[in-house]
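Next come two complexes, and both contain chain A; in the first it sits with chain B, in the second with chain C.
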Partner chain A sequence: MARKHAILDGFASRFSGVASSSGGRIALREVPFSAQLDFRANPADGRVVDSVHKALGFVLPTDPNTAATAGGRSALWLGPDEWLIVGGEGEESLLTRVLHTALGETFGSVVDVSANRTVIEVSGSAARDVLAHGCPVDLHPRDFGTGRCAQTLLAKAQVIIHQVNDAPTFHLFVRTSFAWYLAEWLLDAMTEYCAEEPIGVSVPLGGQESPSPLRG
Partner chain B sequence: MTRLASGGRIDRSRPLRFTFDALPHTGFAGDTLASALLANGVRVVSQSVTYGRLRGIFSAGVEEPNALVQVGGGTGSEPMLRATQVELYDGLVAESLNARGRLSPEPDVARYDKLFAHCDVLVVGGGSTGLAAALAAGKAGARVILADEQAEVGGTFLGGRDLIDGRPATDWLAEVATDLAALPEVRVLSRATAVGYYDQNCVLIAQRRTAHLGPAAPAAMARQRLWQVRAKQVVLATGAHERPMVFAENDRPGIMLAGAVRTYVNRYGVVPGHRAVIFTNNDSAYACAIDLDDAGLDVPAVVDVRPNPAGGWPDRVRERGIEVLAGQVVSDTAGGNRGLESVWAGQRIDCDLLCVSGGFNPAVHLFIQSQGRLRYDEILACFVPDEAPQAVAVAGAANGTFGLRDCIQEGLAAGAAAASAVGFGDGHPAGAPQVETVAEHPIVPFWLVPDESGATQFVDLERDVTVADVRRAVGAGMQSVEHVKRYTTIGTGSDQGKTAGINSAAIVGALLGQPVAAIGTTTFRPPYVPVSFALFAGRTRGQLFDPARVTPIHPWHVAHGAVFENVGQWKRPWYFPHDGETMEQAVLRECRAVREGVAAMDVSTLGKIDIQGTDALRFLNRIYTNAYDTLAVGHCRYGLMCKADGMVFDDGVVMHVGPDRYLATTTSGGAAAVLDWMEEWLQTEWPDFRVRLTSVSDQWATVAVAGPRSREVLRALAPAMAADAVSFPFMAIREGMVAGIPARVCRISFSGELAFEINVASWYGLRLWEAVMAAGEPFGITPYGTEAMHVLRAEKGYAIIGQDTDGTVTPQDLGMSWVVSKKKDFIGRRSHRRADTARPDRMHLVGLLPVEPEDLLPEGAQLILEPRQEPPVAIVGHVTSSYRSAALGRTFALALVKGGRDRMASQVYAPLPDRLHPATVTEPIFYDKEGLVRDG
Partner chain C sequence: MLLIPCPWCGQRDEIEFRYGGAAHVEYPADPETVDDATWARYLFVRPNPKGPLAERWCHSQGCRRWFNIVRDTVTHQIMRSYRMEEAP
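Then we have the complex of A and B:
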């Protein structure tokens, strides 16, 4: 099998430099290739919920913007009948089977979106402040904590934010096509937390710009 | 020098050098530019905008109308700053402005920042009221943000000499500041001006972070920060602005607001004159007389319009031997090129400083922006907050409460109540400290000293507008203060009329014989103070201006010299020039490769939507104009969709990938809009449909391999996949391993050639591309970009939605009736039966062949029928796409032309600046009309 290529491969060294230049207040890395399934089902259907519970060890959360986690896998609430089921690399086939079995003949859907988004992990004591530069959601511990998630904008990129521990560590699920932009934005937003000088030289988007208007 | 030997909050051990209009001066740490200028005896700071009259520093704060400066040197210059708010630093370079600033021609290289913040209680204003409110709310446990516009909290009482609990008020201030700092959920923002108050208690705060550091500002630190605060409760403790008096020659340097003079004396240790007269209608200015007397100035008189000023303040002044001229006004002044020399108050009084006070206007700007309403208070003689629709309380001077003791009490109560309203504390504040109070003699409103002409009675100093101008406006029939504002320009300067607005309303009232209460105020709009565009832009500039979306294959394109085109937010390779090649040469080469050999294109940007459920087929049949009943699993079909008006909206390919499961592609720019459109119909019109939609645009990377030799490349990549025309027919889908990667391969063609589109999980996109390029190398595989793709599809007459259409084009107009079902219902169908959509002279998509084969018509060129017409010339259409074709060896174009399909073989003309360009109307297909090539 061919080797997978992480979309933020080219950012690795700039990401890893953040921990030291921020004096340990922020750590930044890409967590690529996690299994992700968009799951639509009726949460009032006890058979579906039980089946998922038995197989994955968590009850599908029904409180808005909450996540359930067990055994390194999570279900992120995306809507009244929609979750993002997240697992480890390579687990998409397994999770697809589990969710299809849970659905049975009932109305719903299971879609593999593992390669649709990558995960940028931001953690550390200043992580919350960094995100506040572009995230309109209140991430204060009184309002948002471990096990909370939200679909929102970070700067101009749509993200799903999931707080995974009290460090705090946030997982930012971002569409792969927006990942470069978001990585650049995060590094820029971290400038004041990191060093006297703006960090690094940005990865060029390349080529010369065309003057042509929107097309295609 | 007019600096006092001691006193004030300046640090005399830290002198700072600065220049003003190129002259060197020295001030101290803690000075503003204004206090330092006054300390250096600089009385004239500008000339007025219209009349060129000399003007001096008038106030000590945000309301300053005269002392506008350009501050520059080093990292570029900032225009239109108020000297009263510019903190002095060593090396500061300032120039006076005659009410007109200049933007620096240099780009602003400073960083600007934004931050979202949330709190239970936002307190705006860090004076005595705001500090008390923040303390009460913070001690109750609420999350509090206190925003204060000055370098240090304290507000106007930094400029006073009040005692709290028998000690200087500044001691109390220091204690409160310490208490606030100890509360972890309280955030105190200094140099932070609340500039706008919006719905749902959203308040914008502009914070100045490095300007006061001058060249010492750290490069990495954002110069300013825009706080977007969402507060459950807001306490406005914004204070009040002192009103000037309106009399003849009231604009000379040396005429200042009395409260401002107190601030200069007490806070900055500066006396802005030697002999001072006070002109007032209220008690507050008496404190100014006492401060100046204590500072050693001659204070010959207090001119008080009130007939019998009595009680604590007037008595204290009289005790000092200062004359109180009761029932008198200052009706004129005299002076020279250094400003004021004397005033006339029934008698001539020599003086170089006139301290005026006409009362106070609560700073209700933010309250008005919050949609609050005002009422006029006859006793206080000012507009005060009344009803408030949002969760906002107003306290202290902003609420018409002027005594220090009352301000602190009201602040504590407001803070405690705001915290309690959101669940913190019982709403009862701690006890207020003891403050000595003096019984006040009531204010007597006084708006205008009688004067025949009014030509030198200035109402708005920044805009240079006089009572004569207001008279002219009223004489012209204007009665609304809003009309007078626009006619006279009162209140339209950068100070937004903070010292002019209420006076002008009262003067309009006086001229119309109506009370000021009946006239009302103009509307206060954000921003409260000027805010730079750079701050609103924040980090949204340059590369971060808008997301640039890239595919997983993007690094290869960059490495191979692609020139990029913006397609929506996507960066797509436009063409891949070889060394020394022009764009035209590169595109022709890429087109030739597709037509004659094999070429590859990154088409990962296409939108993709997973559609599944037992009603998926019904759903597709309603969304698309064509039917899908006969589309078997493992096949795909071109689809077109219209909006309800029958106009073409988007197109793509629908793949039937499994039982009750489809994958629809959309245009690159239209993906989000199409998904929204589908969800809208599903959720609002057909909620009974068992259909689920999921965006998978970024899940898949897609490589199109096109050209007569594409089959050979596919065979090399996927030896196990039968690729012959029978096993893998046009519009079929096959799943299998391609280059060792699980893939879905579709035989689709957007170029008219034999072609395959290979879809893989996006993390394999780059590997797949590299494998395609390697496998294709023996066949001379050529990467091609969007321009070649556009040419190739145009040769086949395939319209691009959004380029060849503009939202007024039906499928029939495009000559695509074949894709419009006559048997089923779909969105837009009814509109196709309208008389207008059946008009024979609608714009049809046609081909154009310029009569001269090298003539490349510009896209957008208008088309006419007759070469020689008298104006007005009838336009019959326009060019939508135009290219050079390698296959045709000439230029060609697509165009929308009125009744175009009835004009085949006729001529149209593009009237361009040089001459008329003739072209022949053709069918919109130029290459392989029979479709033989596509089938390999």
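Then we have the complex of A and C:
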């Protein structure tokens, strides 16, 4: 059986260097392999909404750019009839079954998009400032707090930003093909919040720190 | 850079959107029967006013929904933003 390979494996040491050199003001890590399902259903269909609520513990959010979380799983608003259901590693088939059952015979769809995006977790008191370096959405707490999500561009890469707690901690859902680029950009944007330069910005692509995803 | 009000997501930067041309161009009711001139007019002729213009935009990097806005082509002022199912 093939070994699972997180796209940002090679960044682990540079990621962990940020937390210490920034004096705890910022930390980042990859949260790989989360189960992600694109769920489309009619939000006005009370039976579907109730069924999801009973099974997963949250009500599918209908306010644009909001998320609902329960039991470590979340539903992120993607559109008026579309959500990204996020669960832990290996929960794809469980969530697929739950959502299929909720849909029943009604019009909708459940698609496993787990391989589409990886998650970069950015947290700490300076996290908001780092993201603001490259994000056109207003991330000020009066406008963007815990439980908010947004699909937007971060340094020209399409991302879904989800604020998961008041630390603040942000989950950045980024396409795996953009993950390296975004990780490099984040490390660069974090330089000014770090005491020295421990994050090896000068390591060239293809060097020891960044194994090619095409290998192994 | 325009700040475009998506009817779902609110004010977002223009870079998140894709332009879709003039809105409310009516598809011929019975395309089999229209003559070439009418068909060509439907395909190629678009309003080009100096002033308010109803146009389609897609929030391609956001909620990926199409919607309409009314934009002044001179001042870029956006007077209105409305969903596809809403009346012009």
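In this text, the second predicted complex is superposed on the first by the 194 of 216 C-alpha atoms of A that agree within 3 Å, B and C clash if a C-alpha of one lies under 4 Å from a C-alpha of the other, contacts with A are read in each partner's own complex, and residues count from 1 in each chain.
Throughout what follows, a contact is a pair of C-beta atoms (placed from the backbone, for glycine too) under 8 Å apart; a residue touches a chain by one contact, two chains touch by 3 or more.
All figures in this text were calculated on a predicted structure; none of them were measured in a lab.
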Subject >> Touching partner for A:N65 - first (chain B), second (chain C), both, neither >> reply: second
Original post:
For A:A189, is the partner it touches chain B (first), chain C (second), both, or none of the two (neither)?
Top reply: first
Original post:
Which chain, chain B or chain C, is in touch with more residues of chain A?
Top reply: B
Original post:
Regarding the shared-chain residue A:P136, is it in contact with chain B (first), chain C (second), both, or neither?
Top reply: both
**OP:** Scan A:P80 for contacts with chain B and chain C and give back first, second, both or neither.
**Re:** second
Original post:
Given the touch rule stated above, what does A:A150 touch, chain B (first), chain C (second), both, or neither?
Top reply: second
Subject >> Interface residues of chain A shared between complexes with chain B and chain C >> reply: 136-137
**OP:** Write out the stretch or stretches of chain A touching chain B in their complex.
**Re:** 1-7, 10, 32-33, 38, 40, 107-109, 111-117, 132-138, 140, 142-143, 155-157, 175-178, 180-182, 184-185, 188-189, 191-192, 194-198, 202, 204-210, 212, 214-216
Original post:
So in the complex, which bits of chain A are touching chain C?
Top reply: 64-65, 78-80, 136-137, 150-153, 158
Subject >> Partner chain A, residues of chain B touching it in the complex >> reply: 111, 113-118, 143, 218-222, 228, 230, 539-540, 543-544, 546-552, 554-555, 557-558, 561-568, 570-574, 605, 610, 612-614, 667-669, 690, 692, 694-700, 739-741, 761-768, 771, 786, 790, 800, 802-803
Original post:
In their shared complex, at which residues does chain C touch chain A?
Top reply: 8-10, 12-13, 15-16, 61-65
